[in-house]
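First chain A sits with chain B, and in the next complex the same chain sits with chain C.
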Partner chain A sequence: MVDRWLRREDERLLTGAGRFVADLRVDGCLDAVFARSEVAHGVLREVDCSAAREVPGVAGAWSAADLPGLPPMPDAREGAATREWPSLVRDRVRYPGEALAVVLGDDRYRAEDGAARVRSRIDPLPAVVTAQEAAGLGHVALRGEAGRPIDDEVWEQAAVVVESSYRQQLLMPSPMECRTILCVPGGDRLTVWSGHQAPHRLRSELARLLDRPEESVRVVVPDTGGAFGSKSAVFPEFITVAWLAVRLGRPVRWIEDRRESLLVATRGRGQDQHVRLAADADGRLLAYELTVEADVGAYPHLGVAFPMQTAWMATGPYTTPQVHATVRSVLTNTMVTYPYRGAGRPEATSPLERTMDVLATRLHLDPAELRRRNLIPPERFPYRTPTGRTYDSGDHVAALDLALRTLDYDGWRAEQARRRADPAAPPVGIGLSCYVERSGGEKGSLHDYVGVEAGEDGGVVARCGAASSGQSHATVFPALVAETLGVEPARVRLIEGDTDELPGGVGSFGSRSAQIDGAGLQHAATLLIEEARERAARLWDLPVEETAWSDGAVHPVRGTAAMGLSELVKRTGPLRIDERYEADMAFPFGTHAAVVEVDPDLGAVRVLRLVAVDDCGRALDPAVVRGQAFGSVVQGLGQALYEGVPFGDDGVPLLGDGLLDYLLPTYAEIPPIELGETRTPTPRTPLGAKGAGESGCIGTPPAIVNAVADALRLDHPERLQMPLTPDVVWRAAA
Partner chain B sequence: MKITLTVNDAAYPLDVEPRRVLADALRDDCGLTGTHLGCEQGVCGACTVLVDGEAVRSCLMLAVQCDGVPIRTVEGLAGADGEPHPLQRAFSAERGLQCGFCTPGFLMLAAGALEHDPALGEEEVAALVGSNLCRCTGYEPIRRAITRAARDHQNGQFHDRRQ
Partner chain C sequence: MKPAAFDYLAPHTVAEAVDALGAGAQVLAGGQSLLLEMHLQRARPAVVADINHVPGLDALTVADGTLTVGALVRHRTFGSPGAVPGPLGDLFGRAVGYIAHPPIRARGTMVGSLAWAHPASEWCALAVALDAVVEVRSTRGTREIPAGDYFRGPFQTAREPDELLTAVRYPLLGPDTGVAFTEHRRTGFSFAQVAVGAALTVRDGVIAGARIGLANCADRPLRAHAAERAVVGAGPSPLLFAAAGEAAAAHDAAPVPEPYADVDYRRHVIAVLVARTLREATPV
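Our next item is the complex of A and B:
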């Protein structure tokens, strides 16, 4: 039965035959466990591993002092002076959980026994976890801006100016599988298995850090249990494990557990924001100003620049003529921030959309009408924003209208009026959020390596530099190549996530795989058809124009003889197209809407309805896109209502009880969610796909918060800061 | 301690430390890596297996507690003839998995519940789905999958391994 499994990934994942890194068995492999700092900030006086080394089954234990050659984290920033991030703490602890020593054991039990016996002495220093406090200490790692400063008179002359402050709280991406790495040295090579989003980048970085030729390192990404942005970097633990594996000549692995993940995995968001939004009396937006203070964690690193994404996207989906965004990234005593699903776009959408609702209230305008008056109309694309983006395409009003219809907006407004007239009825609120985001990547990552190869057996192999962590690549990409070639999808299989298979690769992040790798694979398949026609033309002694391609075979325009790929390869030799495909970024968009009921006495928020209308251009597999959109909405719900990283006065996250403290949404929290789609292909590739999957994290949180503010009829929305816990809502309602 | 784990009808004589948790024994000693560890504190449920027919978090149970007790893991979910369990079919059909890491836990949790009560109602299914964590799907597809499998079961398409 061919159709038993809807996806090619399903059979192995449903039968226990999936292979995640922790499932791989390598003889003689040592488990790494890190002894970690319990303080957020302090001077390291001493690390003593001697007792750890005496533990039976412990193969070794090392502090930084024991490993003078251990390379530090690479500093990916350009220019600006830096602060070195050692892979094991040398003299100063700068974030809670930072690794003081590594213990290798025959298994994790032995290694944990050893780590428990590592003794350390740290003189604590005050910990700084907010950007404002840290900026006062001069720890600014980056300043940037997008757009031009707005003249005072614009604000002075506007009919309405709304000013407000927001917090985009720190979030844990929380893939169900934490980080993993298994390093197996053998001969001249080092094979690295890792649940990772960017295998080629990991290979380059490890090769550089280990000072060995790139081709001597092979990175393989097996099944990966989710990532959401958090598995795209190299981490201190990775460096330590890889370095020790090479030094000892033994396989070593690090399988992060949830406890350490909550302490030391990269976190997302982390911005304090201030906005000003000006409009005329008709509600036409005149100017928008966004000031971002980003707390980016303890060390300068790639994530320092990510708040610029927020600045570039500050314009949002509106025709606001003047927009100015400034960013200050500030070093604090937390683990670093890094992309988490949405990565900079949720932080752009949320302050703007929340402020739009306040503006609507001030103008006595319906929030939907205010947005309608300002959304960029379809005929204005490509649209160059004041913050430097050129949006490719869009029909924002269509998405707004579909969301309103799907929600039954007018019906809920009537219900709201009814309840407002009835003092006994619990208040309901309706919240909207129109968003535009960016997919595909930034300059320097807007390409990927792709390949399509036809075999003698009639099979086709597609290769690309992406790496799936749940996005169904093995199903979606072969189907696309098969469609392009006109063959049965079953004949095409995908190879990805293996640096030995392609000369380069960029990976899967920033909603780029379908848009860039997909378009690239389609292009490569088209080139393969051209090559097949040329070869057949030579065989048949015909001009190429007199050959044609259909249903996976080349044939003469006149006549019926056709030659399939298998026969062509047998007669003319190997047929493989490899391409470095480059495209431009694209701008998916949509409207999300929420209806909530609030109990002002308890601060409880009940989401009655969520609607998410997304436009990601052409969807390669609509059901796969919907699946991601739905899961993304639920992560957005998590940011709005549940998730956050609270800190104690000592700067240590108050997450000691793990996932009992960090509240991921469960099924009990899932409201009725309805998805809708509009389809505006990007003109920037023949395929027309824009990125998908991040929309819920971007569009949903402000829709929910706006709905709560609407229910409470708040004049001071600043009192509502995510997550909207009962405590926050109760205080705001009081 | 010398124990014998009986997993999916196969005997695994083991010599384990008393502190060894069942999940580690299954994964590392029996080589049954379909059972995944997501939190090791009993919250996420990715490691759920059936012990004597009851769904348990195998990260919260010691291997020595399971000496001689029948255990079922995701590797033993399909029928002896290799025919997939209705839950496995339903999870695929309803797109109840994306990355697949949490999936074995949901499957075993639901398998145990279906064996206890073939006529699972809406509330029971909701309580089941609410017991475990998934970060990809948003749960609704998992709910549909379990509901579909329960329906298939009642239509007599359920292969009961206990018979």
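Our next item is the complex of A and C:
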């Protein structure tokens, strides 16, 4: 197999020829800008759009009171607490930046001038921005658990019990392109262009909200500049824009800018956690308990149940016989929490891996050795965890060993000893993190539409329900189909992200595209070969088993005559396979390692080295997988050291200077990163691919935090809460 | 993030620029602060006067022991070895790398930073430490303001709204002066949490003169007089520099809390950085 398939996206994207929603020019299109609440929580007394309507170039301005028919967000029906989420605030502001009014203008400049003239009066109420505080007020939207409660005597009789609390801070997914939607009504149809992860879901939700047949809505996903989970839903702004476009009979678009995005885009993580981990004197894990208080934001919505992902994955990669996880999802006054790259698995990995290092210290065991004693061995797969998952396959010790070798673990331990003997040398620390995650999705989304069609011209069209937001589907999927058929990759082209071109689709999220759509496309190509052989057998009046397939052509087993797809289609008619492909979830895994140097006087952390060994089964295109791994390691670095959402006393995020306040790691912060792979295919599809791309967000943060704790020789893990900003590290070191 | 409507003027002489300011225009030089503020609609000037077409404002001259930096001299100029002679050039060269990113250093100007007066500005801290003098012009004439009197608070200066900041002058530093600049920030893209610039003159093993500038240690750039007093007349030593750091933190600085840096932490960082900067500035 090739190491690198010829990339198809690069020339277009690198020469500025990409076409994102904001690049699409539609005559008469209006730009939507939202007037937003500057308070986090309050009673809305009045919204006055009259001055906005007087601004030249403003086509209209509306508050909720002006639009009685505007539908609210879809009812989430999650948990006990139900609370309608209006598309424009009706009477109560529940998160900062919530939209009070919409202004449509000839362009964004004019619409912003209009929005600046919308007047509102809000009587502020106290804002609650942490789950613990909100839980005290009874705002619990969901309670859940995984595993069984652990008897007190397990804790009482264990040789060691480590107990600790952790905060998984709120993070912004921060795609380069913020959210986009362009709605173009025409005749009895509505065409919606959106940078989106799930076009069919968006179509069905918009159709239902607008009370029109699904077939009358077409959703198209053009080039999309990243998503990381933040573009998989319908949003209040989407509903408002689509509804106004239909009502006015004019194209309307909303191109979210960075300032809006930092205020009102969905955020990830947001959990307060408490753990207990028990082990015997040899370091064999006996029991693990995880308690999660999750801030799910201001309204009940799909994200209310996502913290259960953390509970189900609480067991991690270890043979711990008893594991119990409980979750409370709590409503607060923040914008809603939603999947962000990793989506529940970073929140499961981080507390366990932090606590493993503390346990190693208490037992005077090397942290690598402690993990080795507890990792699930290859022969135990499929492995059913106490928290209800059945892991498909794995060789965790192999990944750990490769990470240690790649890092030169022993060499760094020697360097650490040398520095500890030299009072002038800045301390270094080494951190490990072993993870297992889930890819493919949950029940109900473990399938997708896939199709392969051969044309008379010799070309092959592959179709699938995935939607790329930068994951190189246009390179990988045609090449995979070409490899299966034995034709040149250039003969195959991919169609995805257009509901008119596809009979159905689920989308791209939860690390599912390669695993489900990839396996599905391979399956569809295999069915196409079977169909071609059957047709050739009929033509040649041979039994099917007397035909064979190679190099994109069918031929008799005996003899030399071969018939290519083009000729077959000319002689036998259209040849197209459409399938609903379904496969079970899979469990990628790996080990990440970090070496850091700490300046204890300033609390500054310098990451000297990161190693990420990931196992995603079969890597379809190793170069694409490495790109995914690299990017997600950098986002993991962001959670560990830089990113967070600080709030003022009024509950408004202190992010007014945009990305000067919300610090993403950029090239100056990226340390040397070395990637390694082990390959344990999933037995759950013939292709063997597991999801790739979320690993760094999952494995890297605890490796870095462990390394800092190791450098400072900290016994109290609670003093290091992410992000490890210099003040946090300085205080922990003091 | 679109600016409010504004008119654009492109004066071709200082006199035209000054007239525009008299009529209420705001100056556009490098645009690295003003344009961001306009996009955020925190600045809504009715008229912007783009001085990039005014000849002569890009001059960098040395005469009679004085460096004069014109209003259009870009940050990156100071990254070129030899652009400014002696230890002063060395100090500017050390500081300039901490200013944002290369594209910003290619557009932004030193004088623009002084006009903007961000409390975290590297150039503003050095201006007060080095006894710089800013030159402002208006229809009423030209006047010079010592840097020590010029900074009044965050983004506030002694410049009147109709005055154009045309140049800044610095006395050159003697050859027996050592310099250093250190900065603590969260990422390479961030503003300084604390930055310290220092020039130490040592004669016969004794510190004969000290200039210490602090960025983001108060609501305006500071000269660390208490720290300077702690070292002048003594021989350089780690203990002395630590004491100077403590003096700067306790007596010179007046830090305000920021997210991820409360007052205790910022005072501590000031003490550490002042000591380190003095150690690095000590001529060998």
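Following the convention adopted for this analysis, the second predicted complex is superposed on the first by the 723 of 734 C-alpha atoms of A that agree within 3 Å, B and C clash if a C-alpha of one lies under 4 Å from a C-alpha of the other, contacts with A are read in each partner's own complex, and residues count from 1 in each chain.
Keep this in mind: contacts are C-beta pairs under 8 Å (C-beta built on N, C-alpha and C of every residue); 3 or more make two chains touch, one makes a residue touch a chain.
Bear in mind the structure is a predicted one, so any value in this text is a computation, not a measurement.
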Request  = Could you say whether A:Y109 touches chain B, chain C, both of them, or neither, answering first, second, both or neither?
outcome  = both
Query = By residue count, is chain A touched more by chain B or by chain C?
reply = B
Inquiry  = Just to be sure I read the superposition right, which of the two partners does A:T224 touch: chain B = first, chain C = second, or both, or neither?
reply    = first
Task = Check the residue A:A668 against both partner chains and state whether it touches chain B (first), chain C (second), both, or neither.
result = both
Ask   = Regarding the shared-chain residue A:D457, is it in contact with chain B (first), chain C (second), both, or neither?
value = neither
Message = Just checking: does A:W730 make contact with chain B only, chain C only, both, or neither of them? Give me first, second, both or neither.
response = second
Task = With the two complexes superposed on chain A, say which partner A:L654 touches: chain B (first), chain C (second), both, or neither.
result = second
Inquiry  = With both complexes overlaid on chain A, does A:Y642 touch chain B (first), chain C (second), both or neither?
reply    = second
Ask   = Now for A:D601: first (chain B), second (chain C), both, or neither, which partner does it touch?
value = second
Task = Could you list which residues of chain A make contact with chain B in one structure and with chain C in the other?
result = 108-109, 257-259, 657-660, 666, 668
Request  = Spell out the residues on chain A that touch chain B in their complex, using ranges where they run on.
outcome  = 4-7, 9-11, 13-20, 22-23, 25, 107-109, 174-177, 223-226, 228, 257-259, 469-472, 623-624, 627-628, 630-635, 657-660, 664, 666-668, 670, 673
Remark   = Listed in rising order, chain B residues that touch chain A in their complex are 17, 19-20, 24, 27-28, 31-41, 43-44, 46, 73-75, 77-78, 84, 88-89, 91-93, 95, 97-104, 107, 126, 129-130, 132-143
Ask   = What residues on chain C touch chain A, complex-wise?
value = 1-5, 40-41, 184, 186-191, 193, 259-262, 265, 268-269, 272-273
Note = The residues of chain A that touch chain C in their complex are 108-109, 112-113, 116, 257-259, 601-604, 642, 644, 646, 654, 656-661, 663, 665-666, 668-669, 723, 725-728, 730-731
